[in-house]
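Multiple structures follow.
First chain A sits with chain B, and in the next complex the same chain sits with chain C.
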Partner chain A sequence: MAISVKVIRRPEAARSSYLRAALKGMSLTFRHMVNPRKVTRSYPEEPTELHPRWRGTHRMEVHADGRPKCVACGLCPTVCPANCIRLVGGEDDQGNRYPIVYEIDEFRCIFCGMCQEVCPVEAIHVGQHFENAEYTRERFVYDLDRLMEQEHPVTALWDPSDPASE
Partner chain B sequence: MNELSPTAFLIAAAVKVLAVFTALMVAIMYATWAERRLSAFIQDRLGPNRVGPFGLLQPIADGLKNIIKEETDPATASRFFFVLGPMLSIMPALVTFAVIPFAAPLPTPWGAVDMIVADLPVGVLYILAIGSLGVYGIFLGGWSSNNKYALLGGLRASAQMVSYEVGLGLSLIPVMMLAGNVTLTRMVADQQLGLWYILPLSLGFLLFLISAFAETNRLPFDMPEAESELVTGYHTEYSSMKFSMFFIAEYAHVITASALMATLFLGGWDIPFWSGDNFIPYEGGLISGFTAAGDPIPAQLSIWTTLLTLGAFMLKTAFFVVLYIWVRWTLPRFRYDQVMHLGWKVMLPTALAYVMLVGATILVLDQLGVSGGPGFALALTGVSLVATAMFALYLDRGRIITGAAPAGRAARPAPAAHP
Partner chain C sequence: MSTVTLTIDGRRVTVPEGTSLLHAAEEIGVEVPHYCYHPALSAPAQCRLCLVDVEGAPKPMPSCVTQAQDGQVVRTDEGLAREMRKGVLEFYLINHPLDCPICDQSGECKLQDYVHSEGRAHGRGVEPKRVFGRDDFGGDVLFYGDRCVMCTRCVRFMEEMAQDPVLTVVERGDRAVIDTFFEQGLKDSPWSGNIVDICPVGALVSKDFLHKARAWDLDHTPSVCPNCSQGCNIDIHTRDNVVHRLKPRENPEVNGHWMCDYGRGQYEWMNRSDRLEEPFVRGEGGWSAPGWDGALASLRERLEGCRGPVHAVASAHASNEDLGALRELAERLGGGDIVYRSPRAPDEVPMPGFPVLTRRRDLAPNTRGAELLGLRRVGSDDATGGLDEAAAATGALIVLGDELADQPEDFGSRAELFVYLGAHPAQAARSAHFVLPVTTFAEQEGTFTNVQTRVQRFEPALRAAGDAQPAWQVLGSLTASLAGEPVPASAAEAFGRLAAGVPEFEGLGYDRLGVHGAPANRPAAVAGER
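So, the complex of A and B:
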């Protein structure tokens, strides 16, 4: 949106009214005072509405049997611009790759969402969640179990056929 | 009702002092709460509503915070006067309320107790004298902080309060002339019998209202504080409870000025159109009025009338407190020279002329033999209305209401009438 500058020509002080202007202003403020429509949102009671592509803290999708969907391909730590994902992959008897260590430092994360975009199996997601207060800094490094426990909705990816998300 | 014995008088006085002081402090607390809530409503916000129901415990939380906050002492401040400033500021603000009658006399087994802390015969003069002491606290605080903003704030406060003291005093002279004395209880009694003084002395009320805004340093006259120019003026260097004391003093001034306006111009604790609350001292007793034949009717005191009149007084005071808040969040601050211009070149001559006008009117009416009674009050009402209209016309003649109209719209000519 272009910035529009509204130039207001003010009358010189000697020509402005005392009583009538004061009464006029007071009637205006009175109308606002009694108007029940306020702009304040009572936040914890009225939750903030998040947009579908709003990106918050991560969550790891799990299979029906409780295993993480992650196949430890290593794409997300590679693409991560903040270098906040630590991944150590392993392989089980059938040759399936799985993450032994999967940690995301939410303090380093810049919430760009590239891990979600790059993931080939739709395992790691950024989510619609921002109420993350903790008592210690260590708690902000989310390990695999923590990521799998998260239940908030995941962020919708950008759809090239619908660029404005309509 | 019999007179109080000296012991009963002492005890009653002590109880009244405690009760009025407590009530005043609570009123100050809730004035700050009302200020914050109403300012929020005016700005389409909600304001503090978290501490207690509707945020009613917010002032207590604020007070606790201010008491346990660290107090900073500027190293270059003049320590003695720096401490003295808030004390001198808060003391007169609280003491002024002592002479304001706040309810009808209360009947007790020991006699009727006047609902006023000190029924001084010189009530109005006492208020003017004590009220002008408030400037010393502000000025000392501003000077001793050794801070240029604080000094400027203190300087402005003294100049402004001294200027408007004149207008305030002169606008009260018509009230004294009409009442015939300076005792606030007698003024209330006079208004109960006749009209409230706001009608016969409408211009005096207007001048008093404007001067009272200036005296209490509230917007649009808050030169001494002027957040955007002087940081916060005289209390820039103050923190924690010392700052809070300046704040309490400001709100105490607001409440006292409101109570004073209610007493002087809106009949004090009088309930309109009801003679049951009239307690007029007359020949040693209290009467509620006169019969048609001119015989005094003895007054019937009861605890309910006391409570009702107390409610009426509180309602009137609250109205003016809300008016103070409402004006503060509506009008912008005057420039310093405009304040001085309004004070000396507009208020002072108008107040002087009005004193002359009211004096002349009373004299003429006396000569015509109409002293007292409805005709007297109505004649004064008419004269004052004309004077008020002329004052308003003089202030606003040929002046623009729209403060900042878009240039195009203001300059657009009226649409041509189609034939």
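So, the complex of A and C:
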């Protein structure tokens, strides 16, 4: 079989120059630099705004005297589809039912918000929060003290002026 | 007996004359809500919740006391009956605190159930609710007056069953409340726990169980009370492999609806964590843990070498199957003496209103079964002493279930072969050549023979600790391998083997025993105590 040679013609200089494409790209870039509708944020200097129904890591509400509002009724571990809440109830020295152990495994949690929805005393809440980095896995099991320390705003699961979404 | 035929909710039902409408409705699977009525107590018809619409009657009739008549047409679930119930339930909620989240009855509360199924979705009350707070009734009972629905079941139980009328209704109208006389409380009544069971709401709760678990989290396992030879039928309530409480299970032949506080309170030992978890073998170089196969193989070798009468110490807490397997092994090895020790209370405590139920003197569940199997009781009433012969045994010595707490550390040191089968480690088993872990009654299936010579089944409520196996399985497989027979595969099979060799159990089987047990044959020959 004879050897055949395929000859490729180079395009002429006007078409092969990269200058044109570079200028086109730069023009897009500069146009965006002055675009008033820009969406890029310089996170973390500029904090992210979360939607009021954003469901992030939990927070336990506390009474004015520092006690958790939780009464250990057991509804949140019952309703939790991911089985991530561990609760042991008991009685405190004033005769109130309270959680001796209340732990949420945030790794198991699927952030459905049902714990907040089912809570009869508005104690446990999912929160508007997402910055949860930790160095160890164990730190993602939030105990009662940790849940009470959280300061982020809690999620609004419904509009207070229209709770039944009517 | 003459019968009457009536129509309830459009369905015809024939019942014996004198049956109440409530029971007639039960016959066709219709549950009429009720509080004050309890099958074992008198019916004052005061809760007004079981009102049903009877055609031709001028007003709704309380179904718990109205007798069924021929041709009656009764409606329990529509029109007037339903309307009445909705109204009555609304009255109940006028002062009910609705503290279900912190109430122990939540999940098994009749008020919760009824209101949820047919009450109003939203309350209309605007007035503040009456507040009583809580009151310690003594014993294990705590009273939350706000939650009470004034059904007076507890008052009638103390009057009619315990026949110790220490509860009463004080005040009238909306201030009416259950109370004890002045500060005297329940006077440590041995039956007070039952008023917690029959309370349809969370007014009477157990201190021991207070806030411990939610009712819907508990698994219920049918069992038999292991704390005296009466053998009350119970449910063991467990969560996460921990026993949280014992509740009576109805058996009209043994305990009715009740059980005593003594039996109810003794369950912590089932949760003991100091357990034997794997078989240990003592050889030349000390203890080793060769696993079940290794331990049983070397034990079998040793057993083959030592024929002759054995000494065995068993326990009346062991099931019929366990004791039968021990007896079979002893017979295989050349017979011998099997003894047991069990604690005895100074007196019996009968329930005055239902004397069949008595806290018996024998504080072990299977003393009658041990007697039937030819075991001999030794030792004193506090289950000590009596083991001098066994301690000095030179042949084979088998201990099953007895913790030997009062025995010296050199117990059985002269024995040629000392096998200890137990759930818990024992100091006196130091000289044992084999220490084999067995399950407690709460972890295995089996039967006990109660004081009435009634054989009753129990089911496993807990997972076995570590590698522990039921004693019938360990002993049965040893006997089987010595005899070259198949190993019993289930507790039912082990009982079948036992029934073949013991005339009292002949013809009984697990399917015949059912949930309420069955009397053993020829009870007259052994019923000395009844």
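FYI, the second predicted complex is superposed on the first by the 116 of 166 C-alpha atoms of A that agree within 3 Å, B and C clash if a C-alpha of one lies under 4 Å from a C-alpha of the other, contacts with A are read in each partner's own complex, and residues count from 1 in each chain.
Here is the rule we use: contacts are C-beta pairs under 8 Å (C-beta built on N, C-alpha and C of every residue); 3 or more make two chains touch, one makes a residue touch a chain.
What you see is a predicted model, and the numbers here were worked out from it, not measured in a lab.
Judged by the touch definition given at the top, the superposed model places A:A21 against chain B, while chain C stays out of reach. In the superposition on chain A, contact of A:G74 is made with chain C only, not with chain B.
By the touch criterion defined above, A:F30 reaches chain B but does not reach chain C.
Once chain A of one complex is fitted onto chain A of the other, the partner contacts of A:Q94 are absent, as it touches neither chain B nor chain C. Legend: residue contacts after superposition of the two complexes on their common chain; A:S161 is shown touching neither chain B nor chain C. With both complexes superposed, B is the one of chain B and chain C in contact with more chain A residues. When both complexes are overlaid on chain A, the residue A:K38 reaches chain B alone and has no touch with chain C. Residues of chain A that lie in the contact sets of both chain B and chain C are absent, per the superposition on chain A. Residues 71-75, 78, 89-91, 95-97, 120-121 of chain A are the ones that touch chain C when the two sit in their complex. The residues of chain A lying in touch with chain B in their complex are 6-11, 13, 15-22, 24-26, 28-30, 32-35, 37-40, 42. Residues 100-102, 106, 134, 210-212, 214, 216-217 of chain C touch chain A in their complex.
Residues of chain B that touch chain A in their complex: 38, 40-46, 326-327, 329-331, 335, 338, 342, 392, 395-396, 398-401, 403-407.
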